[in-house]
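Shared between the two complexes below is chain A, which has chain B as its partner in the first and chain C in the second.
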Partner chain A sequence: MPRRSSLPVTFVVPTLVILLILSMVPTLYAIVIALQNRELSSADYSYVWFSNFYDLFSDRRFLNAVWVSVKWEIVTVAATMTVAIGLGVLMFEVASPRLRNIYCLLFIIPVLLPRVSAAFVWKFAYHPLYGIATYPYRLLTGGMIFDPLSKPATALFAVASVDVWQWGLFFAVIVLKLLETLPRQPIEAARLDHARSWQIHAYVTLPMLKAPLVSLMFVKMIESLRSFDLIYVMTRGGPGVATETLDMYAFSQGFIESGKVSYASAMAVLMMVATVITFTMLWKRVQA
Partner chain B sequence: MSAIVCSHVDKSYGATSVIRDLNLSIEEHEFVVFLGPSGCGKSTLLRMLAGLEDISGGEISIGGTVVNDLDPGDRGVAMVFQNYALYPHMTIFDNIAFGLKRQNVPKAEIRQRVGAVSTTLGLDPYLDRKPAELSGGQQQRVAIARAMIKTPKVFLFDEPLSNLDAKLRNHMRVEIARLHQSLNTTTVYVTHDQLEAMTLADRIVLLRDGRIEQIGSPAEIYERPGNLFVAGFIGTPNMNFIDVTIGRDGDAWTLTNAGTVFTISGERFRLQQGERAVLGIRPPDLVAASPGASGNLLEGTADLIEFHGNDALVTFCLGGKEISALVPSRACPAIRADVRYGFDESSLHLFDAQSGMSLRRQ
Partner chain C sequence: MRRPRTGVGRLLGKAVLAFAGFMAVFPLLWTALNSLKNNVDIITRVPRVVFTPTLANISYILGRDSVLTGLYNSVVACGVAVLVGVVLGLPAAYAVARYPNRWAGDIQFFVLSLRFLPPVAVAIPLMVIWLQVGLYDTLAALIVTYSLLTISVIMWLAIPAFQAVPKEVEEAAFVDGYGAYSVFWRIALPVAARSLAGAVAFSFVLVWNEFLIALMLSSSNAKTLPIVASELSQQGMNVPWGILNASVVLLSLPPLLFLGVLSGFLNSVFRQKKT
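On to the complex of A and B.
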């Protein structure tokens, strides 16, 4: 009966086509541009094929950006998960149910702030003369100046701490709620089995929560890839190139410094390929 | 020396009092069963022994040490939970070995002890599996193994068999009885299953609303229930109760209920003329009366007959109350037939109508 089977197709096909166009066209276009030598300053271009990619690997600033991106990813994901699990377990162990609710409410607020607002709030907090985050340092050293955002050694961590402030606290709430859903009996059995509080969590509750915690980590890994706005507001990749991640570098190559759109596109394409491969591999490993 | 002593133990959650002024002492090697209706505080009391629940008042000592403020791990108790409470992500071996690992027992000794326990409980083929890959009965055996391996001073069981089907329950009950025979560890066992209580217990502690109603051996509790609640709670099918007024007839005592008069010698009871009492008689103690018999008869029309296999439960009405008699199936009357049952005075129970206490002389 061809009439019947054509009905679902009629509804599904247009949506699929739109979705495909929306997702595939920009991607394909980016790939095409990456193979050309377009610049913002002139309209003519030609195909240079892989020479953009070839250039990238001898570009020290690009290699630095890769390294900064990897550092950013590792630092933010590790710190977020550590803070989330640490705070979640701490709340679970010591806070009364009422206090927990209050903490949960407080801990959700940072993540509700738009990134850019959070970035501005903290940028001011890190201000060497007036910021409250640097106030303890001024107090202890009798007014010496410390500007974490303008020191290459500390800038990345200062920006990462804003990210952790937003996501670590929020994930702590999720970890607490996960712990609260666990059955009580295995925990009680562990107490009877001579396990201390930290051992109960290390050996019983957290392993029981392995699957949701791994999912949380993946969410954070993907989220950490989109930190452009945070870094842009706080340091613009500086000082020097200390916090210049791949997306920052691509942006400045494409639109700020030289207008080398094709070069920036090549970077974006590489980043996409690397991300897809890395995540697929990680996901497969976790599933196994 | 007693293994466990509870003196004046109280437990309350906020304003609700769950255990009230409970005094109990359990001897070493004894198998004690806490029995009682749902919500009477059996689990709460057991969890207080284990240290999983704070003690609101009074004192609990285990093996001569007051344990009120001791951590669960330091009390020398091991507990088996109703829903097994195994660690789901660990293998059976690791489940059993967990407690020993936390006490830093050497690896070789752990392997040897786990091997011994798993052989005793027939768990050898499953040591590498996860709990989810075992049946309910096997999981409960793992839970018992996990408790056993710690060689505790006291075993605590909280309804360990209630998640199992009837057949497996019988099997595991026998295994637990065997285990107690061979290990001889003091055991406190919570159940609401009378059969488990009767077959396993050295002594039964019958609880109601956080209070002890009676403590005694299974035979004592069955044959000499101390009050109406115990009499009604213990024994299936349930004991028959008939309201009577006590009277005197020469040397004998009479128990009158709306036209039916029972005459007894009453030596075993403390009776007073004119008092109201409750007569209790267990269904198996009612025997069909021969056609010529007279006196002390319960008569009625059989209106329900339940076939139990060897026996049948005949229910009839007497003075507006349902009375049941457990009779051999082959002597079972037809439905709507007139039935007459007599009883022996020695199987009679009498309780004060007001206080519910037994009128039996001590």
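On to the complex of A and C.
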């Protein structure tokens, strides 16, 4: 590499400046809006400083949304990783190389779909009367009706299943590829010691893959923050507020119900602060 | 090597895998099938596999102005944003990969951290800003907003792609008298082309699938296809299931076109790790 070249500066600086502008202007402006009392219906506004934030903490629907969001993160991340590791290990153990390639291709399809498409596909499938996914239930119970999306107890899980359908299958492919990169010797050695397949994976391969698996989980935690499309299409936050995550509630406060843009922005700012702090800390730990 | 070739466990494992493979594609195939059905064949308590196919849903979809406008908007907004991402993201990624300095780690983290930002937190202020400057509900506003996504994603994925190019190749070019810029153009870009194509395809899929920002930044003129598709479902109680299924199929086709490129990209990423 040549010592002195203008390339790093001319290549990096413009891009970084643009990225900084594109990201900082909206985030800083989000904070400014959160300190005001803007509404969609009127043009004038004034600064109310922290009163939006005070209101939020006495807003039970907001607290519910926080809880739903936390549940969503835990359920989707845990289920995705379980499905991914389970199927990844299975492919590694029982599928021939040719079959592996076919499964890999099939398992990537769901994640490529637009979230809106995935949501619609499963919204039809979960339809209590005509859905293909509820058909086995109708068949077995002689035509009884099961409506997973309109029951508060099951709605969140029904929507989460779509997220896991997209990401769990995709991550299974990655887990398989990670397993394939491992050296053969420790696995063969364990086999010679009469270790069972599950023992080999539980005590040898998966611990060896701890770092990439943790990174994978980190990626899923970030992607799980983008639940809005699925929930918007499938339940609109309902039944009641059972699937109303923070972004769904912010959207409905800001745009559907009351047009309280500043209130919605205050919520978004809290989300932003929470996620940036959490993920920065997690990232530093993952890297360390 | 003691490795049982048969056995209940293996058989069960194969069955689970086969079921998972079936689950991966069946819902989508069913949707595609439903898009060829008349409403009476969809609204049945027992799913119908045998039916008289119709192209009415598909021709209805392709004949609607709103769908065509949405398609046009999606293609233009995503196409231009990806182009901006390529022009600004690839050179920056190359510089970070090949000319590491003490900020390289921070730059990479900054680019990744853009992904932490909740989309609502970006969309609300941008909506207010675009309203104030008179660009709300225009493709220009959408393109600028999407460029943030495409630049950062392309940069993030292209850095390892450029790092994987053997250093010796580039050094040999320098010895032959190439300048820094022509090494980038003539050596690094072509050698890394396959991985880079994967990164670019990924960024396209990401913005094509984007929903929340498009929903908040458009009201009538700049609606992208996902927004148009989601609105078709809100036509009262009499849901036109067949039409809705057809629109889902139309919306899903472009990302699926990249299936080959993206799975090749995945393979190349992991082949590098192995060596």
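Keep this in mind: the second predicted complex is superposed on the first by the 265 of 288 C-alpha atoms of A that agree within 3 Å, B and C clash if a C-alpha of one lies under 4 Å from a C-alpha of the other, contacts with A are read in each partner's own complex, and residues count from 1 in each chain.
Keep in mind that, in the parts below, a residue touches a chain if its C-beta (ideal position, glycine included) is under 8 Å from a C-beta of that chain, and two chains touch if they have at least 3 such contacts.
Note that this is a predicted model, so its numbers are computed, not measured.
S.K.: If we overlay the two complexes on their shared chain A, which of chain B and chain C does A:F279 touch? Say first, second, both or neither.
M.R.: second
S.K.: Quick one: classify A:F157 as touching chain B (first), chain C (second), both or neither.
M.R.: Neither: A:F157 stays clear of chain B and chain C.
S.K.: Which partner, once the models are overlaid, touches more of chain A's residues, chain C or chain B?
M.R.: Higher number of touched chain A residues: C.
S.K.: With both complexes superposed on chain A, which partner does A:Q185 reach: first (chain B), second (chain C), both or neither?
M.R.: first
S.K.: Taking the superposition on A as described, I'd like to know which of chain B and chain C A:H194 touches: first, second, both or neither.
M.R.: It touches chain B and chain C both.
S.K.: Quick one: classify A:F255 as touching chain B (first), chain C (second), both or neither.
M.R.: It touches chain C, and chain B stays clear.
S.K.: Once the structures are superposed on A, label A:Y137 by its partner contacts, choosing first (chain B), second (chain C), both or neither.
M.R.: neither
S.K.: Shared contact residues on chain A, chain B side and chain C side combined as an intersection?
M.R.: Chain A residues touching both partners: 188, 191-192, 194.
S.K.: In the complex of these two chains, what residues of chain A are touching chain C?
M.R.: Answer in residue numbers: 1-2, 5-8, 10-12, 14-16, 18-19, 22-23, 25-27, 29-30, 32-33, 38, 87, 90-91, 93-95, 102-110, 112-117, 120-122, 124-125, 129-130, 132-133, 135, 138, 143, 165, 169, 172-174, 177-178, 180-181, 188, 191-192, 194, 197, 222, 225-226, 228-229, 232-233, 246-247, 250-251, 254-255, 261, 264-265, 267-269, 271-272, 275-276, 279-280, 283.
S.K.: Can you list the chain C residues touching chain A in their complex?
M.R.: Touching chain A from chain C are residues 1-3, 9-10, 13-14, 16-17, 20-21, 23-25, 27-28, 30-31, 34, 42-47, 88-89, 91-92, 94-96, 98-99, 101, 107, 109-122, 124-129, 144-145, 147-148, 151-152, 155, 170-171, 174, 179-181, 184, 205, 208-209, 211-212, 215-216, 226, 229-230, 233, 241, 244-245, 248, 251-252, 255-256, 258-259, 262-263, 266-267, 270, 273-274.
S.K.: Give every residue of chain B touching chain A within the complex, in rising order.
M.R.: Residues 50-52, 71-74, 77-79, 81, 83-90, 98-99, 102-103, 146, 150.
S.K.: Write out the stretch or stretches of chain A touching chain B in their complex.
M.R.: 183, 185-186, 188-196, 199, 203-204, 207-208, 210
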